[in-house]
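Chain lettering (A, B, C, D and E) follows the sequence in which the chains are written, and residue indices restart at 1 in each chain.
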Amino acid sequence: MQADPAAPRPTIAVVHMREGALTEERETTIERVRELRERGGTTWVAVAGLGDVEVLRQLGEVFSLHRLALEDVAHTHQRPKLEDYPEHQFLVLRVLDPTHPGETEQLCMFLGDDFVLTFEEHRGDCFDPVRHRLRDPSSRIRRNGVDYLAYALMDAIVDAYFPAMEALGDRLEAVEESVVAGTAPAAVVRELHEARRELLVARRALWPLREVMAGLMRADSARVTTETRVYLRDVYDHVVQLLDLLENYRELGASLTELHLASASIRLNEVMKVLTMIATIFIPLTFVVGVYGMNFKHMPELTWRYGYPAVLLVMLGIALGMLMWFRRRGWL
Amino acid sequence: MQADPAAPRPTIAVVHMREGALTEERETTIERVRELRERGGTTWVAVAGLGDVEVLRQLGEVFSLHRLALEDVAHTHQRPKLEDYPEHQFLVLRVLDPTHPGETEQLCMFLGDDFVLTFEEHRGDCFDPVRHRLRDPSSRIRRNGVDYLAYALMDAIVDAYFPAMEALGDRLEAVEESVVAGTAPAAVVRELHEARRELLVARRALWPLREVMAGLMRADSARVTTETRVYLRDVYDHVVQLLDLLENYRELGASLTELHLASASIRLNEVMKVLTMIATIFIPLTFVVGVYGMNFKHMPELTWRYGYPAVLLVMLGIALGMLMWFRRRGWL
Amino acid sequence: MQADPAAPRPTIAVVHMREGALTEERETTIERVRELRERGGTTWVAVAGLGDVEVLRQLGEVFSLHRLALEDVAHTHQRPKLEDYPEHQFLVLRVLDPTHPGETEQLCMFLGDDFVLTFEEHRGDCFDPVRHRLRDPSSRIRRNGVDYLAYALMDAIVDAYFPAMEALGDRLEAVEESVVAGTAPAAVVRELHEARRELLVARRALWPLREVMAGLMRADSARVTTETRVYLRDVYDHVVQLLDLLENYRELGASLTELHLASASIRLNEVMKVLTMIATIFIPLTFVVGVYGMNFKHMPELTWRYGYPAVLLVMLGIALGMLMWFRRRGWL
Amino acid sequence: MQADPAAPRPTIAVVHMREGALTEERETTIERVRELRERGGTTWVAVAGLGDVEVLRQLGEVFSLHRLALEDVAHTHQRPKLEDYPEHQFLVLRVLDPTHPGETEQLCMFLGDDFVLTFEEHRGDCFDPVRHRLRDPSSRIRRNGVDYLAYALMDAIVDAYFPAMEALGDRLEAVEESVVAGTAPAAVVRELHEARRELLVARRALWPLREVMAGLMRADSARVTTETRVYLRDVYDHVVQLLDLLENYRELGASLTELHLASASIRLNEVMKVLTMIATIFIPLTFVVGVYGMNFKHMPELTWRYGYPAVLLVMLGIALGMLMWFRRRGWL
Amino acid sequence: MQADPAAPRPTIAVVHMREGALTEERETTIERVRELRERGGTTWVAVAGLGDVEVLRQLGEVFSLHRLALEDVAHTHQRPKLEDYPEHQFLVLRVLDPTHPGETEQLCMFLGDDFVLTFEEHRGDCFDPVRHRLRDPSSRIRRNGVDYLAYALMDAIVDAYFPAMEALGDRLEAVEESVVAGTAPAAVVRELHEARRELLVARRALWPLREVMAGLMRADSARVTTETRVYLRDVYDHVVQLLDLLENYRELGASLTELHLASASIRLNEVMKVLTMIATIFIPLTFVVGVYGMNFKHMPELTWRYGYPAVLLVMLGIALGMLMWFRRRGWL
């Protein structure tokens, strides 16, 4: 079990609920967590930063977490999954990284009989809406059990994808407008490539998340009540909707890339055709004037009275004839 | 639960059937709805416009609708789905938006033991055929139960896709004719892109709708009679047929895009080849006339008696030789 | 229930078998059909032409056909399907339209306990082999029941696809030969597009037909005997084989399109390269001769004794140098 | 039941094993086959050539073969399949045709309680290894039953694909080397197309063969012992491995086609760019020399003492300026 | 059963554990293996090098290995699979070949009640971490049974893929940077092709490995304890994660190839457009100067006082006019 030395030192936040009373501490110690848990009630421990293996080890001891699950917490490139262990459910999720757009960070969650543990790579704020609702004594989250709390946390994670997806959608629509109008710069290909990368990253996070939510809904566990399952179905629906959006954007992006390349190629071909035709008309004419620029002693035409205008007329005739021929073949 | 402030204020229409008597009111109040329902019989409430959250809340109270389902009504970007709640089935469907071609609006339906509720984003008229049939006292829709009414509404929704799909098919066939004839303008790529977008939108609406209809046919619920299930199979068939059409148009569109690009590129290449050959023949000739345009004192050819016609003959020979060489290599 | 007004007036043909006796009437009336059926035995009614809704209605009454199935008969753009109704099995099939190559027409079949009904859009002749076999008193089709008759009809429908597929295969092979030989004209792209369209049409008819045959083989119905199921498996195999052929032709067509475009582009590129090189060699030479065509008073070279041959030699050197450079860079 | 008149006259070979005694006859008659079979023991009849329907009919009588299966033997374009009949299992397989590379011929097999019948289109030799092993009295094939004999025959058929696949792989690797080295001739596209065709043919034969082998392994039949099933799994593995190879070659072929086209296009573009630049530098220079080739009476520069060298310098400057501009824009 | 004569002579290493005691011998004989096994406890025999068929045969006798499995060991182009035999499970795996990057070698494993046998093609070192852990008396691998040992070996094999995948990812990212920056050389297409090949090789090894791990987890065998199954799930997860990475790299590679070709083509088109425009402007001008270079006796303009400057002005006008026309049509 190794930890990324570059990761920041962990901070431990705890929320403890018992008989309507709420204790919230933003930076606390493992000792305090152990003490709160022993009082009974529901405990939510949120660890931000994975820089200290010792913290993981001690929390694992307090809550009897499985060795393999703890190892997964420390390795931050997992794909989302749900694993049943006798003492707890273990979930790996991925959230969009607010500081590195287009990347995700790992978020692990342990769901036990009376506790929820969350581990984030960096100090994030995607749980702030949940904390806010917890402070309202009349809120549903205070009355329902630990499974509802876990639902609320997952809901917050999934909802955080929507603004990012909408921003991506707006960018794609702006690109579409410029591509359809034919004013897209060459860099638009690069932008579409970046959009595609972001879609790939989001899909890697969301596709297995669908399985995770489905697994949790179907879980053969007393820990998740029937009522909470209805709410989990709602989160599941959101994930499916996000995947639907992703798929849509992917197809739109592919179609735009094709359209842009096709338009660019057709437009360039138009340009080349016109330019080549100009060149083609003048090349025979230039040959003709070259002929009468030769310095042969004996060139009867040169001494004709109307040689010069005659040649000009002949050249005009050649030019018009070529234009007509181009038009007849449909090149103009 | 938020509502789109830009959405129009809702109007509530109600149809109430009891022992053969029909009450139809195009604009009514929630109080009146509550009163009609308490009389027994079958009630269909059609809400058009989602601009007022209060209306949703009150209707939810009258018919005991589930909180999560009501939230889905207010969020108008859902994908079609079917959800079983104890008190009712909840369906999200999507209809083609008559005012914005190529977009869909959300249509939600609650199917209870004695009521059907429909929520549309805007004042639509896709249910007019159903209203018309309801006014005929001898029609099947008056005799059968609430599930048959729900079937009739869904049938009307699905049937409304056919004219739009046929219009799209006609456009694609027009495009095909021009592409095959080689007279398609450059903008045809753009038109094919738009057709592809419309197909995407329709597919997003219809693909999950298939699942919804299949789910309703198989639903383990006493609310849907065996007879109605036969009718639902018919709607299911229509959805499958629409998807089949979509798939067909998608393939046709892809094939046309390819054909157009291939034809355009082949035609342009023909043009470029001919033009380049003209240029290529004249370039050596222009060089030759340039040679005899040099002003060297000592150029014996210039003083020859037949220098000029000889050079003309030589150039004719060069031109013919190049043409023959082109032909031999199959470039002509 | 509407009927296509452009469809021809229906003709009704009937075949009635009872205790070895065969009655065959090519144009008969519904009254006669009713009379024959009441005698007992097996009745096959073949309706060609859907121009009269009344005929459908009356036949529906005689044989107790389901309303929804009759509606499907009248709508001629159904995809193949199999539907179980209490009184009969209902099949929608599609046959290749002999008068419009590359299109299919709808063929509906009702299979009851003692009758088979077939409805064709136009007067077709794909059942003629079956009629022929029926006239032979010793044939299996006379001895076996109504399900075997239905099998024989379906077999005839599926077998009618083979010649069309073989013709398409022959056309593709001719295209392949010309493409591989490099002699394919530009119109070959169009021909491949048409082949692709025909494949699409055939696939739309055959893909769901496979499901229909599989459904009939597995059907939980006493109407289909175990022996006939073996024969249906044979029809199923033919459908799978046709789909296999289609898939093969589709891949071949795609590969040929690619090969043709690639060959055309490579060949054109060869042409352009050679031509451009000719131009490129002469352009510097033309510049040189232009230099000595200038009319400056003071150009010492012009008066040199061997200026002219020297310049010719220099130009020869330039030309050879460029050719060597081209060759060294592998462009020649 | 028709037979291909072009097919060669059949020869009948028989192998008969009983209590350790082996009778092998390379060309025999149906009468002799009937006689051998009546002695008991295991009989393997190998028919090569399908030119005589009568042979099929008589063998069908001797071994009670099903009419539909016999028809399938006579139609030589079947795809591989396995069919259970009460009296025997019937298999259609396809072997690579040694005389027509890139094509397959049909091989049918009947597996009864005490006999194996094989029907080949032409006189083939793919069973020679099996015959060889049969002649060794201590070999497993002599001790085990008729199902093991059938396994040995199928194993020989599948093994015969490996050398062909390896040859194809070698050809593709040679193509790859030349494509990566950039020395591939234009004909390489054609060769890749042919490889693709051969892969298609092999896949058509092998893909359904996988199903056949799986079906035989799972067959609910006492004819195949548990021990032989283990051996069949081995054949199944070989088929899967062949399909894996095919898929690999298909991807490799596609990648090579792309790489070749991309390389060719990039190389050509390089050529065109350099050539066009040469032309572009000389075109303005040619214009300049043209200016001083004009015959105006009053052109002061022409009489300047250093007019000529000045113009040469100016042109040198233009050429260098353009080169620098090209370089600055990254075109060089 | 043949062996590759080019394969090195096998070395046999044995590890024997019994009641906490560990015997490890790096090069031993089959006799010694037989002796150790007869003592009871757990035996792991690791054979490296397949050059001697006799070794296989004798080991097969000592551990009662199945003939077909032994044949598979000798044929080194198997795809990963899991086969249940009565006496043992047999696994074929593939490891990355350290000496030939981009290729895999076969690794076979037999898992019996009290033994693990591994066969490698060459002397590999991917099991060194396991040997290291075995030497620590307190390690889990010493306490758990033979199935845990097998897990540890498989884990080592799968983990060895990660560094290779990461190296590939780094190379792709470097390629991406250069492609996006537009500085990628032409050879980048070749590099992307090589990456694609390596991905193909890895996928061929990993895709069936997933099935193998899933099969082992579900295996209906007392040989694998419930605890070890949890660990196997971990290996399974790693394989899925590797496949996810592969898929990602595949999509990235495809996107990069497209982007590179599109950028190259767009950039080249830009170049060609500018160059062609330069040529196009000068071609009419060159024609004009050619006209006044003609040697006609009677060309009035030549004698005009301001003929020369007038022509220069006219040419300037033509050049500016063409530039303006280009700009108006959006070509500049």
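Just so we're on the same page, contacts are C-beta pairs under 8 Å (C-beta built on N, C-alpha and C of every residue); 3 or more make two chains touch, one makes a residue touch a chain.
Being a predicted model, the structure only gives us computed values, none of them experimental.
K.L.:
Using the contact definition given at the top, which chains are in touch with both subunit B and subunit E?
P.N.:
A
K.L.:
How much rotation, in degrees rounded to the nearest 5, is required to superimpose subunit A onto subunit E on the basis of Cα coordinates?
P.N.:
It works out to 70 degrees.
K.L.:
Taking shared residue numbers divided by all residue numbers at the interface, is the value for subunit D and subunit E over half (same) or under half (different)?
P.N.:
different
K.L.:
In whole angstrom, how far does the Cα centroid of subunit A sit from the Cα centroid of subunit B?
P.N.:
Roughly 25 Å separates the two chain centres.
K.L.:
Using Cα averages as centroids, what's the distance between subunit C and subunit E in whole Å?
P.N.:
41
K.L.:
What positions in subunit B touch 2 or more of the other chains?
P.N.:
Residues 265, 272, 276, 279, 283, 286, 290, 293-295, 299 of subunit B touch two or more partner chains.
K.L.:
Name the ring's chains in order, please, starting from subunit D and stepping to subunit E first.
P.N.:
Listed round the ring from subunit D, with subunit E adjacent next, the chains are D, E, A, B, C.
K.L.:
Which stretch or stretches of subunit D touch subunit C in the complex?
P.N.:
For this pair, the touching residues of subunit D are 66, 68, 77-79, 81, 83, 85, 186, 189-190, 193, 196-197, 200, 204, 257, 261, 264-265, 268, 271-272, 275-276, 278-279, 282-283, 285-286, 289-290, 292-295, 299, 301-308, 311-312.
K.L.:
Can you name the residues of subunit E that touch subunit A in the complex?
P.N.:
180, 230-231, 233-234, 237, 240-241, 244, 248, 251-252, 255-256, 258-259, 262-263, 265-267, 269-270, 272-273, 276-277, 279-280, 283-284, 286-287, 290-291, 293-299, 331
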